[in-house]
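In the part that follows, the structures are each spelled out as structure tokens.
There are two complexes below, and they share chain A, which is joined by chain B in the first and by chain C in the second.
Right, the complex of A and B next:
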């Protein structure tokens, strides 16, 4: 039982990262009816921007030393001679890295937002009024443009970036079993769930949220009702790119920074289909389910099979419910 | 002008002579031609860019010393992006450009792809970045060789070292790639022979592995030693970091591509000294270990002479490329000295005849080339404070 819970915990943590990635895909789809195949590569750019600001830029000669490593006397006194990986040492190291983590996050959010606005303005907006199919295909083209650009700008080697939270093992007992999780993963889980919940609240209770939902329902009527539809599109891309930047930073700190992040993001599309393209709640459930299934398969069947099992489950769900767990079935009236 | 029989014959002869001229010129090429594919872009761009100087410097050094058999060499390097079909296209272009005396491939994928085509006039002596066990097969791969031990050999060296130190349990953690799976079956067999129990075989993604789950499984299996295979710059540092943070005491070990000092130094710089104590097999001396390595000292002096900003360190990746070239040069010299024709068969025959060769310091002991490989290596340990890999075993022959 203890082991089962341990792998459940691992699965929920993986699922929360999937949910954060899926969030951006649903946000764009809800507003524009476009499935953004390039979302994984937006996340890749977010990860590289986080690396650029938190590692490359923070070490630049013109940057003050405290950005690279903040080491005030009180922090030194706090750390004392704590052993590496002890909670104390991990917290001290994280506080010392905090200026560059914040610089990395702010930089990644801003740079990814600019990138998304450029994409929306130059690629998506000219296609407004055209078929959704044309817009979807243009996002497929974007994958290669973004991947190629990332290869030209950054080296493709795996790099290390600072984690968003301090990383030490938290051990606890449940059902007479010793369990653990990393504090860094717990921080990632909290960040992902907070972002998810905030966005759902914004969509439900704010004017922008209502505008997005109205546009998703019917663009022409939304225009007629005075909603600035192009701005709604921009907002959706902004939401996707900024949540993608956070997802990128989390993925890079969890697994190392490499071009594989783009493909990982692309694979999350299957999770979104399972949950329902236009349902945040459905996608959250699907993400957790895939995370847990993947974790259980890794435990019982090993890595080779673990890659396949969750996606077989996705396929089964789509066969039974083509619109996913909570996706809206579209009824076309003639 | 009227076209009579005589004019037609003259014109035909002239055209034939003109069309033959390039091949005559090629046959009398004043250079020995070497070509290479390197991943200058793509996932292993850093590795490719670090290996590249081995080729330009080798060309300059050899030509400064009068070439090989009095004839200079010419080296052409092209980018493959680590895509086997690109490397194959590079190779075919190089072949179409005239006599090719040596080719250096960029990956196992390329070597597998091109291997079966190396027959008859297409045959070329070929080294590469790969230590894939399948390439050590003179019967089926008569023109391909590696400048070191196969991955199976490297696993065996590690397992023997574990047995020597009294180790009883081991875990194999490897990427779900050909590179990762290569030595696993052999590793199982050798472990059994040595009385070591394989308590876990864990397959991971090649990049972006799920660290929590892998650490959980390692914690449950609790091996004394964990051998990592099939990674270059990613996954292994995160896995070791996760396991250390969890408090696991298992001794992590790696093979050639996971043993580069600049990667360990970069991880230490960016994420802390958690790689301290990491061990692995390295076929060559590290470049800073120059006491018994006259070749390294000479190479260092040359590098300083052409580049005053030379850091003083040459990566093991570059050394591997350079060693392939040195082995080719040795074979060329022996073929020319024996007054034989320079053909791929003669070159490979000389390679297979290498016994007790003093490599000038690459290897700790004189080496033999058996089955188109050199089965020697040593176990090193990383010290995060000095940022050096230090030897913890003697040179082990397999």
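Right, the complex of A and C next:
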């Protein structure tokens, strides 16, 4: 039982990261009817940008010392002689990293936003009015453009980046079972779910959300009613690229920075199909399910099989419900 | 108000639909645009509202003026914000959104203008919409959906409404009600209306002038009273007159011969 809950927690944590990645794919699909195959590589760029700003730039010679490592007197007093790996030491080291984490996040968000706007303007906008299939295939082409240019700009070596939150083990008891998790994962979970929830709330309750939903439902009618549809498109790409940058930072700090992040992001497309391309709620459920399934498979069947199990589940779901859990039926399949 | 001068429109640069079409709508006027299927009526509206490029159509010659400024290449949302609003064929309501959200979406037509969206005015105009404000729009009846489609246009405080087949798929009694509403929109809001219709008698009931479109050209135009008297329009559009000679085969040939002037 204790093991079960433990793996359940792990599953929910990895599921939340999947959901954060899926969020970007759904946002772009809902607004533009384009399945963005290159979303994983947008995330890869987000991760590299996070690395660039938080590690490379913060260690540059012209940067003030406090960005590299903030060490005010009160922090030294707080850390005092805290033991290694104690929560106190972890928090102290996180606070001293905070300037460069923030620099990294802001930089990654901004740079990824610019990247997405360029892609939207140069690749997607000229294809407006063409078949969605043409646009989808050009995102497939983008995969190689992005992967190649990432290889040119950054080295392919795995790098370490600072985590978003303080990282120390938390031990607690639930139903008389001893459980534990890392606070860093907990921060990632909270960040991912907060972003997901706030986007859903914006869509549901704000006037801009109405414009986006209207565009999602009928582009040309929305256009004829005064909604600036091209701007809705770029907004969707902005949402995808910025949430993608956060996802990239999380992935890079969790598993190390490497080009494999792009492919991992691409594999999340399967999760999105399982949930339904145009349903945030469905995709959230699917992400959690896949996260939990793969963590359970890891526990019971071991690492190799665990990679496959969730995608077999996706396949089964798509066979039974081709439009996903909560997707709309008339949706074009890819 | 709206003046379309000699436009030629082709889809995919290959299928020519409008061949030198000219028509105009004056302020405060209801103008009916009639014609058979495929004559190009909807294309006229799409050309005027800027939707053509989305369907691979282009205006190859001629120009369209709205309030005396050329709008051939203006984007649809800019036109809506300038007061030219297109109510599309088949109503095209946002079926998954509530009635209220449909109206909120339409309020984007007021972007950049001083006016505030007046939802109460629309609900006063269509009391049925108020009752159903929080229902999903897709569950409304056909007539209510058409009311919503017109209500969405009203939110934008339009100067000119392009109205595409409001009678489509409605019961005859509903058609009368919708056309009464359209006449009221024209009189009370002072909006000009360019009305595309198959149902000629309904359109003539509220229109001031009419244009008859055949194969991408205007073949007849004039005040409605005059068009009503035209024997060809009576035969081909209103279904009255020359009733007694319908049965003879000779008269089918006559029909075809008579129809030729339209081409």
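Following the convention adopted for this analysis, the second predicted complex is superposed on the first by the 330 of 334 C-alpha atoms of A that agree within 3 Å, B and C clash if a C-alpha of one lies under 4 Å from a C-alpha of the other, contacts with A are read in each partner's own complex, and residues count from 1 in each chain.
Here is the rule we use: contacts are C-beta pairs under 8 Å (C-beta built on N, C-alpha and C of every residue); 3 or more make two chains touch, one makes a residue touch a chain.
In this text, all values refer to a predicted model and were calculated from it rather than measured experimentally.
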Touched partner set for A:182, first chain B, second chain C, both or neither: first
Contacts of A:159 with chain B and chain C, given as first, second, both or neither: first
Touching partner for A:207 - first (chain B), second (chain C), both, neither: second
Chain B versus chain C as contact partner of A:14, first or second or both or neither: first
If touched residues of chain A are counted for chain B and for chain C, the larger one: B
Chain B contact footprint on chain A (complex, rising order): 3, 6-7, 10, 13-14, 55, 84-85, 90, 93, 151, 155-161, 167-169, 180-182, 185, 251, 254-256, 258-261, 264, 294-295, 298-299, 302-304, 307
Interfacial residue positions of chain A with respect to chain C in the complex: 128-129, 207, 210-211, 213-214, 217-230
Touching residues on chain B, where the partner in the complex is chain A: 41-47, 176, 201-214, 216-217, 219-220, 232-235, 237-238, 242, 244-247, 266-267, 270-274
Complex contacts: residues of chain C adjacent to chain A: 49-51, 53-56, 75-77, 80-81, 85-86, 88, 92, 94-97, 101-102, 104-111, 152-153, 156
